[in-house]
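Paired with subunit B in one complex and with subunit C in the other, subunit A is shared by the two complexes that follow.
Moving on, here comes the complex of A and B:
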């Protein structure tokens, strides 16, 4: 014969086992999933770096870099009227100790201007051991996350050693890992016990379903008589007792924490950096994407208003870098850092001071396919964008945003 | 003489059968209510209840009681009209909290590694006890709906202040004043939950200075009264026994 109690216990155990089953962690953040034209014409990140890729629990890591809000912002994407500098990691592997945008604290959400450049710094403290792919990330209200370059970072040590202490304005030093938890649990247990006692008061009155159902039907309009005076007295005591405890706990909390403030929700506006183009103008005359060769080819009309000759050293878009090693070099930081170390070539040589010149640029790499940028030609808005980096002989850099329509070449 | 005879021949046997029926039905009902109420709570008050830095004095105070009165009201109808059992609110809120604690510890802490103090659920038992007590004393769903639901909304914030007051102590952090709750939200990175996504009090020209909470609490109570009666009706619809007339 079926043992009901045993079956119920087994079902509960099965449920708990299901709940606590291991879930595999996500190791990517959808960096290739968004439409290519959106990745190339929204937020363009560059100079992103991390201070270390291996650290222990309680040690700090700093991520720095710059981002440019593309001048030809897609109409269908909300503008960054409200945005928040974030970090893309699977859960709080780190705690964010500080974040700065142009030196201003990034604790609040921020308004940014299209066509402007900002630099950022995020200081993170390692909290739990893990190997994670960490991204710079900008959340834009009504638009969504705009993900920046990622780095593999490994944290070693023991999470139990992690502490996150701060001192309040009332002079108390607290650990945010556990602060207030014992108090909250205490109240939940207290009210849980009262609730359990009340439920058991009814359940222990014997079988409660069928007999009471039959009695209700039998008594009809007089079914309220099933509630005894004692039952009602229990209700009265419970009502008054609840009011008393709630009132006491409310005023006692005010006594214990006399200085409190509401949650803070202010937003700030941060002025942009000076123009990174430094007097260099560049305009796309025409652009083609050669499908068989996986190459972007564009003609660039460049005007050099600086005092030195300049050369084209890099094109970057959608967190991918095409380098011209004759001018500027870079190596992939790790296995998931898309850098085409010799992906950029161009005809035209140096642009002299005061000169306007047409450069024929070619950016080639398998990344067009592997990072799904070649899909641009199938996007509803097949215009590309990106940043080109010019360097003078002393290594000074001019960063110029370029973009325009892109024509595919299939044969 | 009927060819079919009842297997129950004594009062003792009948008592045992009734008890077994309770043992079978009550756990199933509890599991169903836990799951259904938990899904409902996550969909309606979701982040307000998940995160300590969403528990503000305006939206959280308003949304939580209004969305949480649905199941207590429906269960009041079911349990009161059919069984004269006045514990629908306590039962539903208790099992919701069990579900929430299981979710927070297994999911938010066990899987996503958030600290537990960041995701402690709101305390809702005092509201449930008052609602049930008023039904028990008045023996009237109408009085419970009018008075009990108002009390339900009004005492939500005072019931929780003992839990959340420590998180509203101010801190100076990187040149900005924040509450402890704000700082926890900032420190513990949530990739998909940026700061601006919080729907919390921002202040308006029509706000009565700092007296936001009483207004929000009374408004929550007022709307809860309407919601209670709507969900009594939905409870009545779900509690039809036309399919089980032979019992």
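Moving on, here comes the complex of A and C:
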């Protein structure tokens, strides 16, 4: 028995029930939603900056920075065997004109080495007016996006003025914003109409879904009788017609665009930057998180193999920076840039050349809670990570990765 | 039967948000709204209830910590005054809880943290509650040209009655499964509406 109306009504009721039950407010907060250990022990970004925070449509913006693949990579996260540098922006506000990793084009996916540092540059062209929070991000196969620091950027002007011209191999100048658009729309409509017609034909050929299943059970070995000669003929016409159209369109496209290159899907390996530690070693001896004080306290055994005394100026993890203003200063780039301008203090003073010294470091800020890093203490493997920046008297910087188990302290 | 299903659905929806005045439990975070700004509110009783974190009401008397973490960075440039006033009654659980009462602000507070800037964005309040009671908390933030006051009643020494928040959804899901199983067990077997002609 054909009962389309009842089936559709049941499906609508089911969908409404699902939406009603799952329509709770979103709890996630973008970059804060990823687990703390993931943000602290995978990809650590630093020196990230944008060339401008306000530009017009058609103007370019460059995002630069460095990233370090943390040495104590979590076992449950896929390693960066295949990764792609990207920029996270809500909507197509920009188009990417070029990207570079250590000066090598980042068009392809890349394999990275754990424990190494790379620098990047991405050139974007403003496409439409908007105020967006844009992030550098690295897409890692089977691990997902690893998000870098964000910056608020405002694009003004008119989208209608946007042009994205390139010169092809044959010397033709085209605007990628509109090139081939009409053709793509035409083919989508063509196949959409064909698919809809074929679907509708079968919907009106007797019972569907559960009633059809029941009828098939009822007819048993004779279930094929439900398909008439006309049905078979329609199917055959569709099959042959599809082959004909696809073959014709292939040869037509080849005739119209004889010079093409395949979409590039290769993978490259880029050598890492020289060791940013510059002869400074640092090892976490013990670490605790003081829950009501919002403070990470750790003992750091530091060996200075450089020729100049060094001081600790910064600790950074999960795109948050704790600064020691006596050594290094930084201000938040915008209202959502988490910089604890005086969040780092330590006991121990300078580490002299050739000396090994224990420093008692404290990193305090509300960001531990508001950026959900303190959730780390509830993990079955409560280990933290991050980068510490040492500075010598001439301002030379040594960047050292540190990490270790973290114990919560409630008193 | 349908009434039971409706009740379960309403139970699930009702866990989305609740609060006393300026303090709201939103999702899994306890928020204190002061004008346009937001702080995270965390209550601890480390000697008796560590590592539990409370949202406004503190279940037992004794040494207690309240930590306010500024979500909006602008609060770091403003002064924050925290004061607690003794009250005769618990929170009403209505919008009235959040209405600022001038006569309360004029009272001598039970305890007060004078206005001060917190550049690190976190304010820790330590207080020993000797006996149980009802209180009203006020958070007053003041910047160059702006001043906002948030009011939130809370109780100390009154353990929360009823189903804990964290168990509401699992219980609701469990009830739905039970109802569905009863429905499956009681319904008549499916009969085909067409018979094969032998």
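Definition applied: the second predicted complex is superposed on the first by the 312 of 411 C-alpha atoms of A that agree within 3 Å, B and C clash if a C-alpha of one lies under 4 Å from a C-alpha of the other, contacts with A are read in each partner's own complex, and residues count from 1 in each chain.
By our rule, contacts are C-beta pairs under 8 Å (C-beta built on N, C-alpha and C of every residue); 3 or more make two chains touch, one makes a residue touch a chain.
These numbers were taken from a predicted model, which means no experiment stands behind them.
Of the two partner chains placed around the shared chain by superposition, subunit C is the only one that A:369 touches, whereas subunit B remains out of contact. In the superposed pair of complexes, A:291 makes contact with subunit C only, with no contact to subunit B.
Between subunit B and subunit C, the partner in contact with more residues of subunit A is B.
With both structures placed on the common chain, the touch criterion links A:75 to neither subunit B nor subunit C.
Of the two partner chains, neither subunit B nor subunit C is touched by A:173. In the superposition on chain A, contact is made by A:238 with subunit B only, not with subunit C. When both complexes are overlaid on chain A, the residue A:192 reaches subunit B alone and has no touch with subunit C. Once the two complexes are overlaid on the shared chain, A:230 sits clear of subunit B and of subunit C alike. Common to the subunit B and subunit C contact sets on subunit A are residues 20, 215. Within the complex, the subunit A residues that touch subunit B are 4-5, 8, 19-20, 23, 29, 82-84, 86-98, 105, 107-109, 124, 127-128, 137, 139, 141, 145, 159, 164, 166-170, 172, 174, 176-181, 183-185, 187-188, 191-192, 194-196, 198-199, 202-203, 206-213, 215-216, 223-224, 226-227, 231-232, 234-236, 238-239, 242-243, 245-247, 249-250, 252-254, 256-257, 259-265, 267. Those residues of subunit A that touch subunit C in the complex are listed here as 1, 20-21, 24-25, 27, 214-215, 217-220, 291-294, 332, 335-336, 340-343, 364-367, 369-370, 377, 408, 410-411. If you check the complex, the residues on subunit B that touch subunit A are 15, 18-27, 53-57, 81-87, 90-91, 93-94, 97, 101-102, 106, 110-117, 120-121, 123, 125-126, 128-130, 132-137, 139, 155, 158-159, 161-163, 165-184, 186-192, 194-198, 200-202, 210, 212, 247.
In the complex of the two chains, the subunit C residues touching subunit A come out as 9, 12-13, 16-17, 26-29, 40, 42, 44, 46-47, 50-51, 65, 67, 69-71, 73-74, 119-122, 124, 192-196.
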